[in-house]
Amino acid sequence: MTDTRAPLISARDLRVTFPGRRGGASARAVDGVNLDVAEGEIVALVGESGCGKTTLARTLLGLQRPTGGTVSYRGQPLGYGSKALKAYRREAQLILQDPSGSLNPRHTVYDAVAEGLRIHGEVADERDRVADALSRAGMRPPERFFLRYPHELSGGQRQRVVIAGALVLDPTLIVADEPVASLDASVRGEILALMLRLREELGLAALVVTHDLGLAWNIADRVAVMYLGRIIETGPVEKILTAPEHPYTQALLSVLPEGGQPVVLSGEPPDPSRVPGGCRFHVRCQSLASGVAEAAGVADLCRTKDLPVLDGRGTQAACHLAQARQLATSGEGGHVQHQG
Amino acid sequence: MTSPLLRLEGLSVGYRTRDGVVPAVRGVDLTLARGEKLGVAGESGSGKSTLALALLRLLPPSATVTGRVLLDGEDVTEMGWGRLRAVRWAGASIIFQGAMHSLNPVQTIGDQITEPILRHQKVSRESADTRVAELLGQVGMLPDRARSYPHELSGGQRQRVMIAMALACEPDLVIADEPTTALDVMVQAQILTLIEDLVARRGISLLMISHDLSVLSDVCDRLAIMYAGRVVEVGPADEVFRQARHPYGAALASAFPTVGDPASRMRPQGLAGDPPDPQALPSGCAFHPRCAVRLEHCDAVDPQLWPATEGHDVACVRVLPDDGRSLAPGPTRAEEAAR
Amino acid sequence: MAKFWGDYRQNRAGLFGLAVLAVFVLSALLVPWIVGEDALSVTRPAGEPLQPPSGEFWLGTDRSGRSVLDLILWGSRVSLTVGFAATLISIAVGSLIGILAGHFHGWLSGLLLRVTDWFLVMPTLVLAVALAAVLGRSLSTIVIAIGVTSWPTTARLVRAQTLAVEARPYIERARALGGGHWHVMTRHVLPNVMPIVLAQTTLMVAGAILTESTVAFLGLGDPTVPSWGSTIQAARDTGAVSSGLWWYILPPGIAIALVALAFTLCGRAIEGVLNPRLRNR
Amino acid sequence: ETKDEKTLTIAVSQEVDSLSPFLAVRRLTTALGRLSYDFLTNYDPKTGKTIPALAESWTTSPDGLTWTYKIRDTKWTDGTPITAEDARWTFDTMMKDEAAATANGNFVENFESVSAPDPRTLEVKLKAPQATMLALDVPILPKHKWEKAGDFAKFNNDKEFPIVGSGPWVISAYEVNQSITLTPNKDFWRGAPKFDKLVFRYIDDSDAQVEALKAGEVDFVSGLTPAQAKALDSAKDITVNKAKGKRFQAITLNPGARLQDGTTFGDGNKALQDPVVREALVRTIDREAIYKTAYGGFGEANGGYIPSRYKDYHWQPEGDAVIGFDTAKAGQMLDAAGYAKGSDGIRAKGGLKLSFRFNVHADNPQYIQAAEMMREWAKEAGIELKVEPVSEVGALLDAGTYDILTTGWSVNPDPDYILGINRCSGLPAKAGGPYLSDAYYCNPEYDKLYAAQLAELDPPKRAEIVKQMQEKLYEDNIFVVWGYADQLEAFRSDVIASMTPQPDPGGNYDSQDGYWSWWSAKPVGDEDKAAADSGGTSSGLVLGGGAVVLAALAAGFVLLRRRGGSAADDRE
Amino acid sequence: MTELPPSDAVPHLDEVRDRGDRGARGRDGDRLRRTTAYLGKRLLGAAVSLVAVIFTSFFLFRIIPGDPVRVMTHGRPVTIEQKEALAREFGLDRPLLEQFVSYLLGVLRFDFGESFQYNRPVLSMVGERLGPTMLLVGASLAISIALGLWLGVQGAWKHGGTADRVNTGVALTLWSVPSFWLGLILIVVFASGLGWFPTSGMKTPGVTGFDAVLDVAHHMVLPLVTLVAVVYAQYLLVMRSSLLDEMGSDYLTTARAKGLRDTEVKRRHAVPNALLPATTLVFINVGFVLFGAVLVETVFSWPGLGKLFYEGLSVPDLPLVQGLFVIFSAAVILMNLVSDLIYPLIDPRVRP
């Protein structure tokens, strides 16, 4: 993929901080993120639980106001007035993890799909558009499903309804937050195939949030790996998932069943209310622990020096070690950058 | 090898509900040798948990169980309550899926781990406490965590506590029902490594349930795949995962792509159709409506497990001699098919 | 709806409650025709005062010579009206405040919560009695007093439910689709809290009827209107208990208990249907 | 409590406001005052005439301004002699200390001075002649005890028992809100009471009182409802006393509230200022029916102001003078006066609608019942009465913001006071009160007659004038008397052998002007005391109620037992 | 008490869950600070509620029709001068706000003013009657809680059985009965009819010593039964439903899997968890039962606070009614506070 296309949506130095509960420290759920999604591109955002993926996705859709940084859509910063948001949400759609929860149990399939149309006052030829959206989402014949309630559908069908509800407004961007995580393994592939097909047919751009590297491999063009509120490695799927630079990405890949000798990271999942100083990954970094970093002479840097925010394009890894290796091979400064 | 540790013979479980009986498990035959690790996979609702609970008669009163569950040669379904209580945990223990819910929220984890020790072993409170510290150490937790309450622990830690608890009475069999679902990839890896390690070290038999075939194939020696309350395929883990003979097994295996494998890049594999409704199972092979390679008589033949290769049984007409056509008119006798 | 009824039918106690209610509501509706207004006349009563039950007066007569049965029938009108009207007020206020407090965050919700808590710590009955004393003796007073004092329960309940509903992903989806506050509250929250409110309503009517009788018992009701509470009060004034006028004091009490019970049973049945977790048990 | 000790227990529903006679104003506590402190004079229960009490005799100066009482030589219950100084101190304190005047201050308002020239002589000098000098309802207190009381506003006399007094009974124990126990004053000069103990037991609920009487927990109950009286009539060992009432029941119609100077105020319906309307309204009242239904026949329908119990002064309309129940005639009168029925059936003339607020004492069931009846009768004549029960009419009265009020007064043997309240001079002088009466009645002719009866010393002639006054009141239809309800009481005849009523015979035992009943009560001797069983509870209620309660309880118990049996099974 | 709408308990149940969710992971370092903050917040909340209650009671009762001075003079006609003097004495002539402030300050010093009709400090009148009320309310609470919770546990554990159904049915029926009516019936049947118990009051005058204790107990039976009968259903229902909620819980399956007996599972695991929501209700109910006693005290002439309130209201005796209202409400607030403070002790998830 190239970075030459103008990004459809782009986040610049995005930060979201949640005030701490009961006087606890505040949580930096998103802590400086640059991310672009170009038209017709599928970007996978991967990372372990609690690293801020959902928060980032919600912020991109204006459901969460950033505490810092901006989100721009087609080059325009997002407005947070109700009018501006409404207009934006006509074009950008959200698909949530849990299809059962995403459907109001009291609304029929028809109501659920038509909801977006009704909100935006596009009630003319509503029926046709609902039918069309449903069939595009693979529910054929659509009329058969109109009057069904969510509980009368299987999980896969529900997720299709949710997708149809997003498609009905002819969006240009879909943000899917773990779209298949709650589905059975057997159904999962069908939904992913649907997403690929939609991209093909409609040229949809999509940001797919997931903790499943297999999913990224299955459908994404580009992948961004997130750790503790930051994107720590980004680049084309083929590159990142086969030859990752960042120790964290390496660890993630290693624990996949086929990933060879698993590198099981020590310690508990990171806590966004206590972001460690230096490289935010250093406390769990296997490269640092095994002395590889020491050998490369960056151990101190790892412990003390925070890394700059990646700019969200190209192939990059926010890692002192990778940087040092890069330096060693190319002599260049700055962070690692492969031109794609 | 002597007699198997666990042997299920024609185990069926039905739940009585207002809308009739839900057949959750339909005639399962399985064996588990001592020290063996058996994985059970299958999609949601295929009866995995029901099977696990049936092993220790932990099913709700609305469930009816038929068939036999032979644990060390003794039929669990016919034990007296006293004997059953003695077998529970000391003979076989369970690691449940959601540790948050499987641990009593208002008791310290120490007390909860101590409880079965005191119940099943004639030991003093003090030695039980020592044992708790030891167990916690084995699962990689500090002994002073014994005073914590479940909510004070992370999901991974809770799951460790469950594991420590399961090992408390040194059982012969540990049943792990989706021990890592809902856990983060990283933690999942930690827990699996831990279980594998502990079980191997003590020679405990393991029955592990998951819907994630790739996870099971990694940990277990043998794999059983369930569909609609039946075991449709059982065999050596690697073989089942890589060359599943049952179309459902194959679909399940391919749902977990291999990262880096160009074959699955941009080509997600799925299984069309909806999971079966246990109360309205299709005729013949329960899988046939979703089967991509079904034969025309699949809706008439309900195939039983049949040895496809040595130690690898499959319940699919395709592994039967003449694609099972000869069986078409009537149902086969269970004993014949599953030997 | 058909499913609802199908589930409801399984609950025998709920059916019993519904049947009792149906009888009472029906008789309350039809009483002007089956009994007639004349039955309430104290100057031209049908019988002699305080006659024991007989073929003519199944439940005897009251202190004025009116048929107690007729009074109970007429009283059902008043008591049910009080019950429903008070409940309506409390449900309307409670739902509104509950939804607002649950939907919005920040100062509005804080303020509403404070007010709710304030009302909640005040013993409902004390307040109702005090209000009844403040506003003077009339049915509308009792209605207002009960309505005004019992809404916080509904508000808390509705708020809790609103919070639960708003935590559901479909609310997020609706917002992501561009839906505003109004859309979320009316299209998603309201329909979802309605069942709870319905169950709460039935339970509250029972409470309101009991409160009416209590207020009347404390002498703060309107003695000239034949509600069940005021009938008991009149019976007590007459010295019915110690005079052996059991036909005067038992029926209104039983009527209250029966209707309160019926409402409670219906409420529980509805709750059971709406909350499958209760149903399966 | 020893076995043979004879206790007389009286059920009371009032709480004690104060045991200090300076402060006590309630019926119960003033009665306690009468029992435990002697007064200067008392009334003969037979004749109603004043008789000596603490004052053995008395004289008055010709101008009526100086009264001299000879104090009886007797003792306080602590053995200290009673002297005139005690009486002087009592009156003097009431004159000087506002708090001490709380209860009975009106008696001494007119006192110039009080002195005790010697231990047996009390001398009172008045500013003006005072009719009540032989009816001073003031307990004489022991100075030696009370001097030390301190602030009389705060002193409730309930810390030290027995309370030193001089009456036939000694208050010897008091449990707040539960009971007051009195023991006999063995040295009482008129003779000691016969019972060994007199207990006033607080039972709030009238039904509970009667039940307690039936159960033998109390021996005397007053204030019975008609139904209770009827039911008790047939009860074993219980005697019901139906005394002719000394109260009248009435309504007053607001004729336009005004001050003495004629300034009108309030918002009374102006139609009531029309005598025709008032008469028509009165004609819609069926007094007989009220007493037959609301009072269960225990009472007398009568329009006279002074109850028939007082034969000498009682008057009642006769013949044509009777403004009797006749709704048709009421309608005709109103028609003739131009009050035409509107579409809603209510009459009106020139914007004046015959729709009246009718404020009824909410705590009086008979009033309410009567009011309901009156509402229906009035409606027949095209008059609307809006019955509004209120807990207190005083504020409405003071403000003149009423149309019709219920009222009722206790009438003393001497009618002077009750007649006096309706004079024009009785009207409030300033807005906001005080107002003694509750009718805003003012008729110069009535005032003239009042003066005449006051001056008339010949009793028959005075009675004649009093009757004329009642006639005036009756004709004016402002103070509309319904009649006189009987005073209904009951006592255990297996405990009390006899007591003196007031008047004797035919009178009441409770709230007497004196101590006669409890002083004279004679216990039933052991020999004629029947086995004490409380019969007479209506089997209907026991059966009905019992069935309800027992059914519920039994179900519970049965279940518990059942569960006991099934707990053994060890289910999973 | 009876008149509580049945579902009053429900929001509290939800609240409990709320709290459960909120339960933060305790970190020892912060614990003291958090505990202090928690305590402070609860206390502040209670204080705010209390002032609000005082405010309400002060202004609410002022609207009752009726002339305070007439109450003070027991309806006797008095001159304007006297009226004004009395009004001045009681401060009724000052601006309302000023009166409120001085009332508030008084209340904070436990000075509730003087009763208009009894001419005595409200507090001392309350003091006299607090004992009987506490005795009755305390005993009825203890019994109804014990009975209700026990029956609730039994019912839930064998839910759907005959015992459970009948039990719940009886409880609901009693709950629907007006308490005063039940009291009257009980008097007729058991006191005057069968003669087993005294009809009313708290003591037989003159009985002393240990006999007096028995005597009070004897008098207390019927009021107690009445109060318990109409109240215990609530505990039963809450306990039953919260135990039912717990019964599907996985940790109970764990406990069974450990080889515990059924009764042990119930006693050691299910009940302690189910008790939590019930606890909140217990405490909140104390305040309500206190007022519920008004009716029962009236019917049985029990010399308690309830009676005093009822009487004060009908007069109306402003300081008395205001004082009692504040005291009743303060009891509720206090009990809420106690439950807030106790809750963390019994539920580790809520520990600050």
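Letters are used for the chains, namely A, B, C, D and E, taken in the order the chains are written, and counting of residues starts over at 1 for each.
To be clear about the criterion, contacts are C-beta pairs under 8 Å (C-beta built on N, C-alpha and C of every residue); 3 or more make two chains touch, one makes a residue touch a chain.
The chain list, named the UniProt way, goes like this: A = Peptide ABC transporter ATP-binding protein; B = Dipeptide/oligopeptide/nickel ABC transporter ATP-binding protein; C, E = ABC transporter permease.
Since we're looking at a predicted model, the values are computed, not measured.
With steps allowed only between chains in touch, the distance from chain A over to chain D comes to 2. Separation of chain C from chain D in touch steps, taking the shortest path, is 1. In this structure, the chain pairs A-C and C-E differ in their number of contacting C-beta pairs, and the larger number is found at C-E.
Taking each chain's centre as the mean of its CA atoms, D is the chain most distant from chain B. Taking each chain's centre as the average of its CA atoms, chain D and chain E sit 38 Å apart. Remark: chain A and chain E have CA centroids separated by 54 Å (rounded to whole angstrom).
Multi-chain contact residues of chain C (touching two or more other chains): 133, 136, 219, 236, 241-242, 249-250. Within chain E, contacts with two or more other chains are made by residues 65, 169, 173, 182, 184-185, 187-188, 192, 256, 261, 298, 314, 316.
Contacts with at least two other chains are made by residues 205, 207-208, 211, 214, 363, 390-391, 537, 541, 545, 548, 570-572 of chain D. Across the interface of their complex, chain E is touched by residues 13, 114, 117-118, 121-127, 129-131, 133-134, 136, 150, 153, 156-157, 159-160, 199-200, 203-204, 206-208, 210-211, 213-214, 217-220, 232, 236, 241-242, 249-250, 253, 256-258, 260-261, 264-265, 267-268, 277-278, 281 of chain C. The touching residues of chain A, counted against chain C in their complex, run 58, 61, 63, 82, 85-86, 89-90, 93-94, 96-98, 101-104, 106, 115-116, 119-120, 162, 165, 169.
Residues of chain A touching chain B in their complex: 48-50, 154-157, 184-193, 196, 211-214, 217-219, 237-238, 241-242, 251-253, 255-259, 262, 264-265, 268-269. Interface residues of chain D, counted against chain C in their complex, comprise 205-211, 214, 224-228, 230-231, 286, 289, 293-294, 296, 362-363, 365, 368-369, 371-373, 375-377, 387-391, 537-541, 543-545, 548. Chain E contributes residues 65-67, 70, 74-80, 82-83, 117-120, 128-129, 154, 158, 162-163, 166-167, 169-170, 173-174, 182, 184-189, 191-195, 198-207, 229, 256, 261-263, 298-301, 303, 307, 311, 314-316 to its touches with chain D in the complex.
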